[in-house]
């Protein structure tokens, strides 16, 4: 009889970013984004938790080999964003404000095609220990 | 197309409390609450995680500015309970036993009117690293 | 009016294990399980989080006395698996591959009869800080 | 040939306390101790790390059996301070202000006679994750 | 009789930086600093632990009021470096490579004049959970 | 003018072990090592912190490139002990009881020849979050 288990893998990357709306004035951006609107950028150690839900394979006892999942995350996320300036060095955030909410959805959408469609995918992203997000909610 | 993201903010406060039922005898309270029924109180470092679920604003990329959320939590929760004796110094626990289960619901109910009704609200409270609660479940 | 709260209790145990499928060749097991297939075993510090959901008792303010829950976990899980070789010393994993997915379901099924049927039960198991599982999902 | 190794054991207790100088006016105490001078007390989850330095016994490979050290800490510190009001329930802080600095020295002095004099003893005490102390320094 | 106690206060800031030697070629900088030499910068959540050693004041039981220490760190360190680009926004790292080793010494030297000369000062800086430094050693 | 900075790098490995003295009877080993003497082994997630003290190179701002230090630890320690049975799979613990005290000294002695002799080396090893050791002390 089938039963579903959630499996989780934690990874991390370090990046610089700046929060602002290109269509707004400097005053508007300062009012909304404050210190996060520093035009010279600031940065974070991002912690990422990828969650998959599915039925364990009876032959292996695995929902997925977490080494395989780790490799997918490294290829799609870490190689793309680690030690990068999200605004300047990535196509994903060239026009999209790199808030935690937007980053976590971009990461989800990068991973989704690489994960078996039978598995549900949720991504949690820690911008700091005190501020974090999850998608989908 | 709309999509929902969860955002989380962590805060903390330190408080004293005593667990007991005023309608019970000392022997009943000792039997049920043990050391937690010390009439001179004991205390905890409470860690609080507030979770909101909603659609990011396309103009900002925020579900809510977490600085705004932090300020609401500080006004409604931290100012009320930090460095307090929950039994003696608060109206909320004058008649209500300050178990983690009751505290987390009180905190939820204090925050709910301050948060946009379009956003779902969940509160997690750590009494210790090993004992914690969440409401609603 | 009734309302549901989740309560959580964290416990830990240390154990040795080996991942392999007895019906496979050594080459197949090496290909799938790699280092985890060491015939001399390796080991982990397992962290366990038990979650129960129910209505707090109005007389106590408790969903369950977490001391009682801790004692149940110690009797059913810690006494059985702590400082053990999961493959050699337990009946549960004599024929079942002790992956995190299988361990978390075994722990759930050991605890379920000991917990009031009105309470929902979920178990999370950390094999390492970076690899963890939850059941049911 | 002898060589020295440090061994560490972590324990915890929860307690209420109030910081004030009995010889001062209320205004003086408020000015110096602020919220920590709440006459109804507040509280903390204290984390304690006991460090011993000595030569491992060649027969066992132990500086000390950490189970033995844990039992000593439980007898001398946890049984005395856990779920207590430090000001009201203990002889140690009946006249001594229970600052982290004073608590850590009291704990050291309680443990010192129970530890082999050949072993150096240092105690670290976390009042919160952000405020902690160590003695001797 | 006097006795010395160490007190610790933890703070944090987020910043962007780039590691390189202005006197070197790009090839030399890439060979030595790799990803950390990204000309568009990357960033970190820096955790800072400030340690002071001294004798507790018998009247207060404090080596220093940790609220006062926290305010000094906020004025000298957090206000200067939080949400900044260390290379572009600070005079301290305009010519000095912002490695963790150099940042921790700069922070020490900023704090030293603000701390009573009777107190020993040590600063620990976490660039990530896995890479950290301390000065003086 | 030269100044010394400490740099730290954290790594981890998972291993099985059994604590016992080959020259003792089973009864003696049970009396001293208890559950740790399980003849079928148990295991741990070991966390390792390697500390080096030296003067930063003025050209790089590094005491050592922590990527280089990480590679040395991976070659000398992780490749040797990760996913191994310390008693059965290693020459280091074929005759030496793998207590944390003995493991940390073995790791130190493996790393020492690979580290520049101008740098002081200290190793901390966490067997669990609550039991850990450091060498030299």
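The first chain written gets the first letter, and so on, giving A, B, C, D, E and F; residue counts start at 1 in each chain.
Note that in this section a residue touches a chain if its C-beta (ideal position, glycine included) is under 8 Å from a C-beta of that chain, and two chains touch if they have at least 3 such contacts.
Because the structure is a prediction, the values reported are computed rather than measured.
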item: Chains contacting each of subunit B and subunit D, listed by label; value: none
item: Relative to subunit E, chain with the most remote C-alpha centre; value: C
item: Intercentroid distance (Cα basis), subunit D paired with subunit C, Å; value: 34
item: Averaged-CA centre spacing for the pair subunit F and subunit C, given as whole angstrom; value: 28
item: Where subunit A and subunit D are represented by their mean Cα positions, the distance between them in whole Å; value: 41
item: Residue numbers of subunit B (touch at least two other chains); value: 129
item: Chain pairs that touch, as defined at the top of this document; value: A-B, A-C, A-E, B-C, B-D, C-F, D-E, D-F, E-F
item: Of subunit A, residues touching subunit B in the complex; value: 19, 21, 32-34, 96-102, 104-105, 129-137
item: Touching residues (chain side subunit F, partner subunit E) in the complex; value: 3-11, 53, 56, 59-63, 65-67, 120
item: Complex contacts: residues of subunit A adjacent to subunit E; value: 12, 14-17, 35-36, 38, 40-45, 82-85, 88-89, 128-129
